[in-house]
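Input: structures, listed below.
What follows is a pair of complexes built around subunit A, which joins subunit B in one and subunit C in the other.
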Partner chain A sequence: MRFFSQYISYFQAAPLALIILLFLLFPVLTILVVSFWDYDSYRLIPDFITENYEFLLTSPVTYSAYLKTLFYAIATLVITLLIGFTVAYYIAFYIRNSFVQSLLFIACTVPFLTSNIIRMISWIPLLGRNGLVNSALLETHIIDEPIEWLLYSDFSVILAFVHLYTLFVVVPVFNSMMRIDRNLVEAAIDSGASAMQTITHVILPLCKSGLAIGSIFVMTLVMGDFITVTMMSGGLSASVGVLIRNEISLLQYPAAAANAIVLLGTVLIMLSVMFRFINIKKEL
Partner chain B sequence: MSKGSVELIGVSKRYDESLAVKEINLKIPGGSYCCLLGPSGCGKSTTLRMIAGHEAASDGDILLNNRNVTDLPPRERGTALMFQNYALFPHLNSLDNVAFSLKISGVSKEERHSRARKMLDLVNMERFAEAFPEQMSGGQQQRVALARALINEPEVILLDEPLSALDPFLRARMRTELKRIQQKLGITFIHVTHSQEEAFALSDQVVVMNHGHIEQVDTPVGIFTRPRTAFVASFIGGHNIISGKQQNNQFSPDKAVTIELPQSLHSDALQERTVSLRCDRIRIASQPFEGALKAVARIEEVEYLGSYIHLKCQVGEQLCLSVYQNDADFLSHPFAPGDSAYLGWQNDQLNPLQ
Partner chain C sequence: MARINQRHKPGFVPLTLFFILFLIFLYGPTATIAILSFQGPDGGLTFPMNGISLHWFRQLFEPQQVGDFGGSLLRSVMLGFAVMICTAAFSLLAGLAYRRKFKGSDALFYLSLVSLILPSILISLGIGIMFDRLGLAPTWYTSAFGAHLTWTLPFGLLIMFAVFNRFNRSYEAAAMDMGATAWQTFRFVVFPLVLPSLIGVSLFGFTLSYDEFARTLMTSGTFNTLPLEIYGMTTNVTTPVLYALGTVTTLFSFSLIFCAMFAVHLLKKHRAKTVN
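Then we have the complex of A and B:
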């Protein structure tokens, strides 16, 4: 009995620890191990070589893919933060009726009832060369020939990312905003602050952690994405995710593993920088 | 008239169908301490927020220094509101909280900090300049909130139940502090409270409100010695409210009880009459005495409350009177429930109610 009570907390922590061990640590360790293996065109050869990394880190393809991915991530982040903050602000502070508030909040999540892929594909008839947007613009004689950069371009990739991930900013920011004491807004107004000054001096600092959590979601999702980039760029741009996928389809698992490890490292470094700005424990 | 006078003329506040404040008229002289006193939901906070400009008046005018401010935003009125829960900015330390409005209006960092320090000094919080709200106790946050309200040298400070979140000991201390600061600065304080003790201790003028209208405006002494309505008398406590029929100056709240009214309340016609009588002005004795009621009272309840004793007495069938007896009298001759007693008072103690 004493033995049991002494170790009871370990028993309680065991299920979670097992799950993390089995589904997180074990796969990552496997990838790490495989990234040092050798391979030829039809098999994996257990070994300890650093060639995978050497090739990866010296290839110009890697650098251009990382630059592209970072560009997507930062552009998406800026736009989703702007839209997400505005939407959350509107719902949290302009809508007084809490029923309407929850209704609008649910309305934000409705598009997420369909799959990512469907939502991406639905842009294609809209943005294509003969798509709705182009034909409408042609009809109204705003343009003389179809706009080429609407689809299969960086524009369409970022548009799809923004469409997919804005909600991941809205939710944590809305959550932070709902915790802001409404009296603080009145106190700011009482001190003579305009609506804009109230936002910059009171609301923005107080939803800093919500914004940071949203950024973490968007960053990690965009950095690891390959499907959106492939589909919306029509295979014309390559992000790191696309690179890894290509290597997997060529059965170059060790190369893909090395690439994945480097990506993991990059994202972890970015996250650790973000965590510097917030106290995540306070938010949970 | 000195600076900081406030005048409400026919001010109403309507929420959808219900009237929260019904056409109130009120004059608050500059430099005075005024308490809006009433139960929750009586419209006192709404009135305060309308003066502050955080709630638009549906009707009527609000004058500040004889200037119509009804449609001005809060900051342009020359008022400052202190919130019930203090509403300090959690991401700023005391100094920056106090300096917030200066920062908004673009005052340089050095100047706003030195002015904020002076304000913190005034409320004895200079040692906590660097502390964040969550590191301070309720009383300390309160002082910082007061300093923040004072920094723009407002002519009127509006306080929304400022002491209700504090424990009783701190409440009494902050009460003294508020009065000290008000007298030192000579500006108008308008203080919303549901505690008559707070209102009496602080005010030059007490405004008793109920159901969105004003029941009585008077000094604390005036309110306590001459409550105007039954609501005021029962809300401030310590009063018996006696209703019955009156003819000439004979007043009978009960078939068996006849009370003689003062000459000033004389009426030839038979009419309904309600009067209040202070509990501590009733003399109680076990033997009949000069001027005592003929009817014998029966003691129903005895409550020992320290400096005085609350005796609940039944006279006749319908008249129930509360009597506060001082403890020396009680201890020399203690009453117990079931005892008989004689009650009496000076008839000028009977205060007519509307």
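Then we have the complex of A and C:
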């Protein structure tokens, strides 16, 4: 019994550790190994070549895909941070009734539990050439011809990202805000700070880790995405994820693997910077 | 003195308007396709409504119209259910494990975080190639099941962390003092206390798996799950039957969320009653 209770943590953590080992570590190692393999049109050839990387790193397609992906990531990040912060700030500081507060918070999080693909599809009847937005604008004579860039453009891609991922900012930022001692806010106001000064000097610094967690989610979700870009750009735009996806569908696994490893490296570098701002265990 | 009356706190009106706009932004598009799914039989993918009918919902259940809707729905529900059970059980166990310090606990924790934020296409590609190299055929109940757990388990773990961080250990100590065994303490004290959160974890486990696309792409093998089926439809179905499908699955998710919240509410009410 003593033996058992001494090691019980290991037994309890074992299922989690096993899943992580089998479905996270082994697959990533497989990708790493295969990225050095050769291939022809039918099969993978075990080898140690660096051509997959050489091709990848010398191809202008790669650079334009990374630029595009960074553009999407930064634009989405800026917009989701602004909207997410404002929404969290409203729920945390303007709603006094805790029941209403949790109701509004749940209203912001429910879409997370519904299908992303359906949520993307649902923009089509709104943004299309004959969609609701264009018809309304035509009807009211604000425009004479339908706006073409509403759907299947960078605009619609970023719009969909913001639509899908803002709640990844709202949740951690709201969580940080609820831990702020209200006396600090009152003290700031009493000492004559304006609402804006209270936000920039008191609330914003105390929400730093919530903002960092939200940014980590948004950045990694956008960097690794291929489905939103494919669907919302109508296949016209190529992000890194789309490149990998195309290589997979052409069965060029080693090329896809090399591409995935470079993406992984990029994401890890970004994360190591962002993780400096937070102590994740303290946030829970 | 103005701050005492919270209703007139400066900025209340513009912020409320902003919040309402945000909610319209969140729910408006989904509501739009919900309305459009009731298009008449001659209606198209956009407004105006050409009559009102249940035509497209009936079409949904005719196999030749939309591939394998029934089969993929069944697979997604079974997969979601299995992922839900494992997510709840494994994250509860891991949560318990982390109440003590053990060797490798930090490494496992950071790997779980990596699992949560690693681009899903990497997991999908990695598991796909790994199964291929091992000579195993990927199926929705093996490779896709594992792929989904790499996404739902870390969520479950983080929730359990939050729960146990706020957990009052004196209840357990009291039970132990009164002679309860370790199992009895868990069964009658710890478990009932974490049950509401566990329902939340289960809800996450099911819905995240049920809606997962990217991680399933290379891991589901021959048979599609529902999100893959829906994605396939977006490229070749040009009738409101697509919207009908979207409306049905969204309603399904909503009813699950509602059931979970109702269950938690009942539990809390029951507890309040027994305590008093």
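Note that in this section the second predicted complex is superposed on the first by the 266 of 284 C-alpha atoms of A that agree within 3 Å, B and C clash if a C-alpha of one lies under 4 Å from a C-alpha of the other, contacts with A are read in each partner's own complex, and residues count from 1 in each chain.
One rule holds in what follows: a residue touches a chain if its C-beta (ideal position, glycine included) is under 8 Å from a C-beta of that chain, and two chains touch if they have at least 3 such contacts.
Keep in mind the model is a prediction, meaning the values are calculated, not measured.
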Exercise. Touch check for A:Met223: first (subunit B), second (subunit C), both, or neither?
Worked result: second
Seminar exercise, completed: Between subunit B and subunit C, more residues of subunit A are touched by C
Exercise. Is A:Ile117 touching the first partner subunit B, the second partner subunit C, both, or neither of them?
Worked result: second
Problem set entry | Which of subunit B and subunit C A:Phe48 touches, first, second, both or neither | neither
Exercise. Does subunit B (first) or subunit C (second) touch A:Ile189, or do both, or does neither?
Worked result: both
For this session: Name the contact category of A:Phe99: first (subunit B only), second (subunit C only), both, or neither.
Result: neither
Problem set entry | Common ground on subunit A, meaning residues reached by subunit C in one complex and by subunit B in the other | 186, 189
Exercise. Where on subunit C does subunit A make contact in their complex?
Worked result: 3, 6, 9-12, 15-16, 18-19, 22-23, 25-30, 32-33, 36, 45-47, 86, 89-91, 93-94, 96-98, 100, 102, 104-105, 108-109, 111-115, 117-123, 125-130, 132-133, 146-147, 149-150, 153, 157-158, 161-162, 165, 182, 203-204, 207-208, 210-211, 213-214, 218, 227, 230-231, 234, 242-243, 245-246, 249-250, 253-254, 256-257, 261
Exercise. In the complex formed with subunit C, which residues of subunit A make contact?
Worked result: 5, 8-13, 15-17, 19-20, 22-28, 30-31, 34, 44, 83, 86-87, 89-91, 94, 96, 104, 106-108, 110-111, 113-119, 121-126, 128, 130-132, 135, 163, 166, 186, 189, 195, 216-217, 220-221, 223-227, 231, 241, 244-245, 248, 253, 256-257, 260, 263-264, 267, 271, 280-281, 284
Problem set entry | Touching residues on subunit A, where the partner in the complex is subunit B | 181, 183-184, 186-193, 197, 201-202, 205-206
Exercise. For subunit B, which residues are in contact with subunit A within the complex?
Worked result: 52, 54, 73-75, 80-81, 83-85, 87-91, 100-101, 103-105, 148, 152
